[in-house]
Each structure stands twice: as structure tokens, then as C-alpha cells.
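Sending over a structure as C-alpha cells; questions will come in a sec.
Chains: A, B, C and D, in written order; residue numbering restarts at 1 for each.
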Amino acid sequence: MDIKIGLIGCGVMGADHAAILHAGVAGARLVAVQDADRARAEALAALSGTAVVIGNATDLIAHTDVDAVLIAAPDPTHAPLVLACLAAGKPVLCEKPLADTAQGCRDVVEAEIAGGKRLVQVGFMRRFDPGYRALRQCVATERLGAPLMLHCIHRNKIAPDYITSDQVIANSGVHEMDIARHLLGEDFAAVTVISACPSRLMPNRQPQLLILESASGVVVSVEITPDAQYGYDVQGELVCEGGTISLAPAPPVALRHAGMDGFTVEADWRQRFAEAYRAQMVEWIGSIQTGHPAGASAWDGYMASRTAVSALEAWRTGQRVVISTEVRPDFYAP
Amino acid sequence: MDIKIGLIGCGVMGADHAAILHAGVAGARLVAVQDADRARAEALAALSGTAVVIGNATDLIAHTDVDAVLIAAPDPTHAPLVLACLAAGKPVLCEKPLADTAQGCRDVVEAEIAGGKRLVQVGFMRRFDPGYRALRQCVATERLGAPLMLHCIHRNKIAPDYITSDQVIANSGVHEMDIARHLLGEDFAAVTVISACPSRLMPNRQPQLLILESASGVVVSVEITPDAQYGYDVQGELVCEGGTISLAPAPPVALRHAGMDGFTVEADWRQRFAEAYRAQMVEWIGSIQTGHPAGASAWDGYMASRTAVSALEAWRTGQRVVISTEVRPDFYAP
Amino acid sequence: MDIKIGLIGCGVMGADHAAILHAGVAGARLVAVQDADRARAEALAALSGTAVVIGNATDLIAHTDVDAVLIAAPDPTHAPLVLACLAAGKPVLCEKPLADTAQGCRDVVEAEIAGGKRLVQVGFMRRFDPGYRALRQCVATERLGAPLMLHCIHRNKIAPDYITSDQVIANSGVHEMDIARHLLGEDFAAVTVISACPSRLMPNRQPQLLILESASGVVVSVEITPDAQYGYDVQGELVCEGGTISLAPAPPVALRHAGMDGFTVEADWRQRFAEAYRAQMVEWIGSIQTGHPAGASAWDGYMASRTAVSALEAWRTGQRVVISTEVRPDFYAP
Amino acid sequence: MDIKIGLIGCGVMGADHAAILHAGVAGARLVAVQDADRARAEALAALSGTAVVIGNATDLIAHTDVDAVLIAAPDPTHAPLVLACLAAGKPVLCEKPLADTAQGCRDVVEAEIAGGKRLVQVGFMRRFDPGYRALRQCVATERLGAPLMLHCIHRNKIAPDYITSDQVIANSGVHEMDIARHLLGEDFAAVTVISACPSRLMPNRQPQLLILESASGVVVSVEITPDAQYGYDVQGELVCEGGTISLAPAPPVALRHAGMDGFTVEADWRQRFAEAYRAQMVEWIGSIQTGHPAGASAWDGYMASRTAVSALEAWRTGQRVVISTEVRPDFYAP
């Protein structure tokens, strides 16, 4: 029997999730959609052919026909909606961030533990990207020995105008914080932030260099450039004792044209991480069927949020900030 | 309502198709499997959890619970099984080749036309590969102008012992003949074959260089090396009036290790064309739902087979062989 | 004591040779220059600071101050000038082709043998390119086993208007014929030529595909595209029993810019083969000092010319042309 | 008339310089060599064929036959020998570092200014590498806009056993400090050092991450890994307002072999920077002929040394260290 999915939020990401459910995933069916902009919800429902429109998110979560919930609504709604899913005992896949404050994440963690059942997955989709998976497997198998450094690059083509330097660190950087922690399999102990001069094209925000230090001493450099102009580009090189392994985010074709030999860089993340989004959905559906959690947990969402808070403090103070240790509850043991 | 699929042939390819149906495709369900080796069918049925084992292929095709048929049985069975599917009025996706002779293909074409309904798709999965799709789109849009040449490389790591030079041309080469015809959007007018000296590691068969000439004068070179040793490798570069576009079959990660900087080459085609196989299945299911054919038709299978026959003649005689024109029936108009 | 060089021909190639002598080569000095256009010779003499202008080529060759001669004058002058150098007993480095007919090359060979001393080097500079050297060493050491196929690509950005299809084969293709013969270490036994449709941008000449077969059965494909538009591009992949080795004509930097990730392709051959031209000069000077010949001999020039003649016949007749064996005189033993 | 060169130090680097003088540079001749190990000097003199052995460095510098001096002796001898050259009024190309302390560099600067003539070039050969030159030109022309960040990677295959973490920073890192300052065209204002855990293969020293901040706010990250195991590897990516430009240290050939597609990484720096060493020599000889200084000046050597001192302080204290401004004397204006 197919799992019946309710989707909250019918913007760009919500529509993407719906399209993935429509074609690329077995065992699930979109049955309900909701959006603050009802017309948008109706358009998506019409497109899907299988979903009804529900007027508000609370009703969607409560609806008897909805087995599991996908949250792609604005960030501030995430924590309350996830808490509502927990109250209803329904599995939920929530776009990152889990909450807009570390305390909000912590509240979700406590509610989930209190409920006694793992129901929350955070949409850190990079964990399902074939490249990052290969990096993680390389760490796990010690194929190249233990990791020593990790270099991450996160470049947006052009960020929206309203994005400020602190959001560059917290909103874009949090993806890197989660995936770096996931790859290394350990928490971070310190963070330093050094800001570059802003581009004259976008003087109100700065490219950032974050340096994270893991508990065991692996050094992670993270460049975040909000306005790289040439395209959306995510890179990663893991330096190990015996060699290095890098993401190779390669497009299907190469071009020789107009004096150049190379390939096209996409403008946004959906194409770059199309396979990751698909695999995330397949494994989320699988985790509901089997009862074995997949992907990033509420605890992972909380830890990413805590790291981002420390990074912001490092940025404001210009100091290296030590991140206090927090012990993972057994509830979240892998 | 899910489309119920019956699978004939539970070997490597059959098992792959079953796995794709299991996880990666919405709107379809494997309900029946059959194999000459019943134990193999039972193992696959157990793995799938949704399929029953049926004793022979004819019964599977006739079974009322089977809406559509997937054929992954040995080559000589293809044509008779496809004809049985046509007789039963059921959509069928048949692994290449459509038949083991051009006449066998022709028989299928005539039976399908007689039935008045497009039901046959041939498993030339490369047509669904993102790289080839980008090449075809480049031709269609004339982004780089009209095509002038196409260079194709097809290398197997090590072919099975029993493969002979004629099979290198016909069985491996037929993939290139189909995809080259598909990319260029026209039939071939001539073929030349020049054989290289055999590798001392495998003296009983020769690497082959095929040169195909399209009706409008595009020249296609095809290297087929059955024993490349280093891995399975498929390449393609389309040379157009204004530049070139190439397949970039890139793995998810790059390595710097042991004095080398590069990436791993896979040993077989399933990983290289994993996305193509998945997309082929998604679109086949979609074509059954919508009634609009997708992928390679019986006619395409017939034309590939005719080209292979001419290539074998060119190889045997050492002469350039002109391929007679055959007009595509309107029934197969795109 | 420096070797005193006289240069005949002060066009693009002559000026390049003078510049190399000026900075990059020890043990030699440009002392005399000549050109049909005296102003051009004077400009180059002024630039070099060490050379006098001489009114005609015969006088330059005869000049007592000239130890060795560099010929970069128009093709039809090559053979007579080389014969004059032989008569004068002076070492000569002559731009390719050695002569504009096979018989002209043969005449030089016979004159050189009659003189009893190896004095002629033909400017097939690719033999000094680090990439081709690595390919040749790979063949020599059998690092990847014996060669089976060689794929060569020769693309000009835009050829001059007056270049015709036969010149595409003979003048551009001859570089490939020489280097392929040099890499494989054996002569060619047959050649086939298949012409592609012309680009609409340049309807008066066709891209060509040559297939050369070596005496031992190695198959060489050669694409020659006179108007590739995107730049000057020379590629080569040698397919051996155990793997392949390819030219990697990589520029010093890569760019990520304007939606592309890649590198610049140069517009002409001087940058691509800058190191080859320099090394050719260094080794030519060294060969004069030591008396041990370097680079391509008159015999090599003759064999390249014979292959080109056969290729033109193959092109005109549309037939595979067998190239008769010619035994290398001991005089030219390596 | 050729410039007559005296070489002090006949080890690996000295022998390399002699070989370059022997073949690849016009207008200069090696006439004298000296080494603490006389046998080594004699071997090199025999090989060169043009040089005499001189018993001590002071005599070589004073020798009337020596026009200019090349210093490739151990680091602690550099400053005294350069001062002796200045006293003798002879041009000198000194391997880096100019002195083993910042004060030693300062002494050379003051002596050179007092002498009133630019005679000293420091062997920061990377400034002559085609890749770095293209990066510098990109900054100069603002082709991609102004620089925002620069990522540098410096990996040795395996450093000698006696190398300690402070030498990793000062001796290897100083190359990056000089080239980064050269590329950006400005001095550094601050430096932070974060050490990674050591490799278990080499527990006595740590890979280092340096973060340099230029006066205008460009952020430079420098990874220095002394024991990368897989080879010698230098990388650099300059992130500008409109795109990025990277070193592409590409070898002449690519390999497909044994399950890998890629290229060989060399074990040491001489091959990687062979062209840079040659060009450095050509331009040094040219600078003597013309009287216009080339390459890194004594001032550049001093500034590199000051940056290294600050980096060591940052490493020892774990603090970001501000580097005080020092105004370049007009004597060293470009």
C-alpha cells in the first residue's frame, strides 16, 4: 500500500518534491498540498493529479488520509510544524533548517525523545549525493587513511538582494557544517571566521572563510561566496593521510566552443543536487516503510544550528570560538 | 492504478530491471517473473516481495494480472516473445536486439503495423542517458551548427571468451549504430570496417574501427575494443560546424593517490548507464499511461539490425558497403 | 664557439625561429637572414641585433660565416635550397614539407646518400613535443603493451580561404602521417579516406577522416577539420593492449567564468607547440655539435610525402589504397 | 659577448641551474663552480665542459672571469655571500631564502641601497611559471574583476625526516607568501595559523592551514601538507568578483590504465617548475644585459621573511597576528 504524503509549502522546493514523488519514487503518493498562497497550492494539485488542496497546515497534518508530511514552507514555520507532526505521531521530512534558532531545534529534539519514536528527518539532502557518499565511505573504510583536512567551497551565482553577511554564514554555511560533520563523523570543537572584502558588485555582504576544527583535530576550510557570478558551484576535497578525494560535480557533456574547452556550470542547486533530492525521497519513503531512520536526524539539525551560532559569534568578535561539547542522547545513536 | 509488470528473464539484466521497478519508478509494480531457471525466478520473486513465479513465458504474457511485459531473456527468444506480446495486445519493453536477424526484426515491424498499435519499445537505453540527450538536443537546436563528424568509442574491460570478431561488430557495435542514427536523426548510407591487429592477450578477436556515413554525409567513426583491460568506457564527440560536444561520463569523485590524479573507471555498463536504465523505465511506464510511444521503436530495432548486417558484410569483404534506402512507414513517424 | 646560423625566410615561422635562437638556445647565433621581401629581412635583422641581411638564398648558403642553414621559405623552394645546402656540405633544418613532390623528396635523399653525410633535418617539430615523446616512450617500453589503434585529431580554427580539400589531406594531414609513423615505429601499408559533408560556413572544402593501417596492423584514424571555429586543437590517443595514453595539451590555467568551467583554446599552432619548436632547435644545434642526427631525416620526409600521395589517391578514387613497401637505406638507420 | 657565470653550490639545485645554462639559455656561459664538497664541484665542472673549479666561494665571487654569481649553497651562507657579491658589484641570483632571518634580509636590503645599484635577485622561481603569470595578468587586467580570495595548496610527497612544523610554515610556506603577495600586488596585514592533527605516518609534524589577509582585505588560504604521499602538488585558485582562475599544472599526457583515468603526479618540484626555472634564468641573464631588474628583489625576499616570522608567531600563540606596515623604499619601485 502506497504511503500517502501531505506537502506543506508549494514554492520552488515544494514543487520539486512533488515532481520527484510523481515520477521517480515507488511506494508513495502525494495526496494533499497546502500553501499560504492557495492559488499556488491549487496549481500544484492540478499538476500532480492525485492531491487535494487543504486550507491550512494544521489540518493537513491532522488529515486522516495523510500518512507522512513534507515541509517546504518558510523557515520560521518549520519548528512549529514539525512539533505538530510529532504530536500527531506522523513521520516528517523538513527542509533545513529544522528551526530558526538552536533552542527551536533543541525543543524538537526534546519533543521527539519524549514521544519515544524517531519521526523527524531534516532535508540535508547532500548526505544522499553520490559524491559526498563516496567521500564518507572513503573515511569509513580508511581507504586513504584518516582525514587531516577538508576544503569546502560553496558559491552561489547571485544571492537574493536581502541576504546579509550573517545569513551567508548561517544559511549557506549550515549546509557545509552539516555535511562536514557527517563526513568526518564527529562534532566540531572550534570555529574561526575571516571575512574577505566585498565584491564591488555587491558591497553589502562579504565572502566568508570559515575554519572549523573537529574534536580530533581535522581542519575544515569553508569558502562561502554569495555572488560568484559564474554559476552555482559546490566543491569539496578531503585530504587524508594517503591521498585526497574530491567531489567531481560533472555535467553530462563537455563543450569545445568559442575558444573555450570545458563545461557548463548550472545556475542553481536543483540541477546540481537533483540525484540527491531524488535519493533522499526514496530513502525517506523507505525509512517510513521499514521504521529505520535515514538521513539527518533532529539531533543533526540541532548540532548544525549550534555550529552556526558559534560561527556567527566568531564572525562578530573576530575571535576563534570554542564550541562546548554536547553528548548525543542514545536515542539518536546510529 | 499501478501498471502491473511481468518480467521474462531473471539474469543480471532482469534483476537490474526489477531493482529499478522496486525503488525508482512510480506507477508500476512487478507482479510476475519467469526464467528458464526456476530457482533464479524464485529468488528474484522473493527479493521483490510483490511478484509471483510463472512457469513459462507464454503463460506470463497471457496472464490476466500482467498489463505489460519486460523481456530480458536470451537473444534468440526476443522476437517470438515480442510477437506473442503483440498478439496479446500488451506493451513490451524488449532488451536489444529486437531479433537475432534483420528478417526477425522485420517480422515484428510487420506484425506491429498489422495490429495497428504501437506496443514495442526496444531497450536501447542510451537514448535516455543525460549525456546523449544533451548531444541530441545540440543537434536539434543547431546550437553548434550542423554535425559534420561523430567519434564513438566503445570499450569493454574484458569480453567473455566466446565473443568473436563478428559479435564485436554486431552485438557491441549495434549500440553505437542505434545511438548514432538517433543523434543524427537520419539513416546510414554506407559502412566500412577496418580491423586492427588483435591484442596478444586475446588473439581470437580484433578491435574494430567502423566508419558509418549518414545520408547527408556526416562521418561516424566507431572504435570497438572488446578487451580494453582498464575498464568499461563509452565515449562520444560530436563535431559540429561551430564547435564540438562530448559525453563526459564522469564519476562522482576524483582521487589523488599513489602518484595518480584522476578517477576510477567502472568495470561494467550498469553503473555507467544506471541513470539511463532508470529513466528508460520511467518513460516506458509513462508511455503506457499516456499512450505516446517513447524510446526506440521496432523500426529503430530493425534499422539497427540492417546496419549491423551491412557492417558484417563490409568486414567480411574488406569493402565499403552501400546500405540501400528503406522508407520509414508512417506508422513509425515520431 | 657558437654555431653561426643563416635563416632563409623571414615570415611568421622564420621570425619564430629567430626569436627562439635569440633567447632560448645556447651555443648558436643568428648571423644572416634572407627573404624575397628584403624589408622583412631587414626588420628581422634589426630585431635580432646579430644578423646581417643577405640578398639571395644562394649567397646565404654559400656565405663563409654561415655554419648551418634554417629554411622557412615557401614550400616550392625547399628542395632546391636543401640540395644547395647539401652541395655546400652545411647542416640544414628545413620546415616541412621537404619537397612539394615525393620525387623531390627522393632527390634529396639520393643527394644526401651520395654526399655520404647526414646533414638534413625536416621540421616535423611534433617529434619534440613532450606529449608525443611520452606516447613514443610508452610504445618503446611497452608500458601499456603493444599499440592497437591510434586516434588523431587535427583541427584548425579557420584555414586560409585558398586551402582546398586535397591540401587539407596533404598539408595538414602530413603532420599526422609523420608523427603516427614515428610513434608506431613502422611504415604504413594502406590508407582509406572518407570525406564528410562540408560546413556551410566553408562549403569549398571538406573535413576528412583518414584511416591508415600500419605494416603490423595498427589502425590509425585521423580527423582533419580545417575550420573547427573554436580554436587550434591537436589530440591523440594511443590505444594499447593494456590501456590508453593521450596527449593532454593543457594550458597553464583554468577558468570559471560566465557559466563555463574550462580553459582557453589557442587560435594557432605556435603556442600549442612552443616547447616543441624550442626543443627542436636545441637538439638541432646539439646534433651539429655532436654529429649525431636528431629529429626527422630526409628519409622520414620522403616517407611522409609518399603516404600523402597515397592518401590523395584514396581520396580521389574512394578506394582503400595499398602503399608499396620501400626499404629504408642503411644510411638512415637510427 | 656571453655573460660569464660563477655557481656556488653544486648540489641538486646547483646541478639543475648548470644544466639549464648548458642548453636552454642564450647569452651566458658557466665559467666557474664551487662547493664545500670539492669532488661534487669537479663532477659538475666535468659535465659542463666550460667551467673551472674554484676552492672557495669568496675567491669565486672575486674572480675576474666571473661576471655574475648564482648561489645554490646551504641557506645560512646566503646572506654573507650575497653581501660579498654586493661588495664586488656583481649581479647575483640567490636561491630562496635570501637570509635565514628577517634581519639578515634587512641587512642585504640596506647594503644594496647603500651601493646604489639593483644587483640582487631572489630565486622565487614561481614568479616565472606560466600559470602564475596568467593569474597575475588576470589581476592586472581585472579581466575577472578584483580578487576576493586566493586558495593555495602546497603538498610535498614526503618531506625529509628532520623537517619540523615550524619549517613547514617557514620554508615551504614562504613560497606561497611570496607568490600570493606578488599575485595580489600588496603586502599582508595579518596572519592566522591553524594546525591539523598529524598524519600517523609522520607524527612529528602537522599539516598547516595559514590564512593571510592582504592590506585591502583579500583572504588567502594556504594548505601546507608536508607528507601528502601521492606526489608533489601545488595548486592555486584566485576567486575574483566575476569568476575564478586556477593553476592547471597539467602533465603532457593522460592515462587510462588499471581502472583509473587520469595523469601522473610528479614526485618533486623540479619537473613541476622546470619551465619556471628556465624562464627565471633567461630573464636573469636578460636583466644583466639590459640593466633592468627582473624577478623577486631583495625587498621581496625581506617581506617574505617578515611574513614568515609573523606566521610562526601566529602558530606559537594560536592568535591572529597583525603584521605592521613597512613602506617600500623608492629604490625598489617596480
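By our rule, a contact is a pair of C-beta atoms (placed from the backbone, for glycine too) under 8 Å apart; a residue touches a chain by one contact, two chains touch by 3 or more.
A quick note: this is a predicted structure, and the numbers were derived from the prediction, not measured.
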item	value
B-D compared against A-B, more contacting pairs	A-B
Identity of the chain that, by mean CA position, is farthest from subunit A	C
Centroid distance [mean C-alpha coordinates] between subunit D and subunit B, Å	56
Chain centre separation in whole Å, for subunit C relative to subunit B (CA means)	43
Geometric centre distance via CA averages, subunit B-subunit A, whole Å	37
Where subunit D touches two or more other chains at once, by residue number	228-230, 242-244, 254-258, 263
Residue numbers on subunit A that touch subunit B, as the complex places them	21-26, 28-29, 129-131, 133-135, 138, 144, 242-248, 250-258, 263, 275, 278, 282, 286
Residues of subunit C defined as touching subunit B within the complex	145-146, 148-149, 151, 192, 194-197, 199-201, 207, 209, 211, 213, 216-219, 221, 223, 225, 228-230, 239, 241-244, 318, 320
Subunit A-facing residues of subunit C, complex	228-231, 233, 254-265, 267
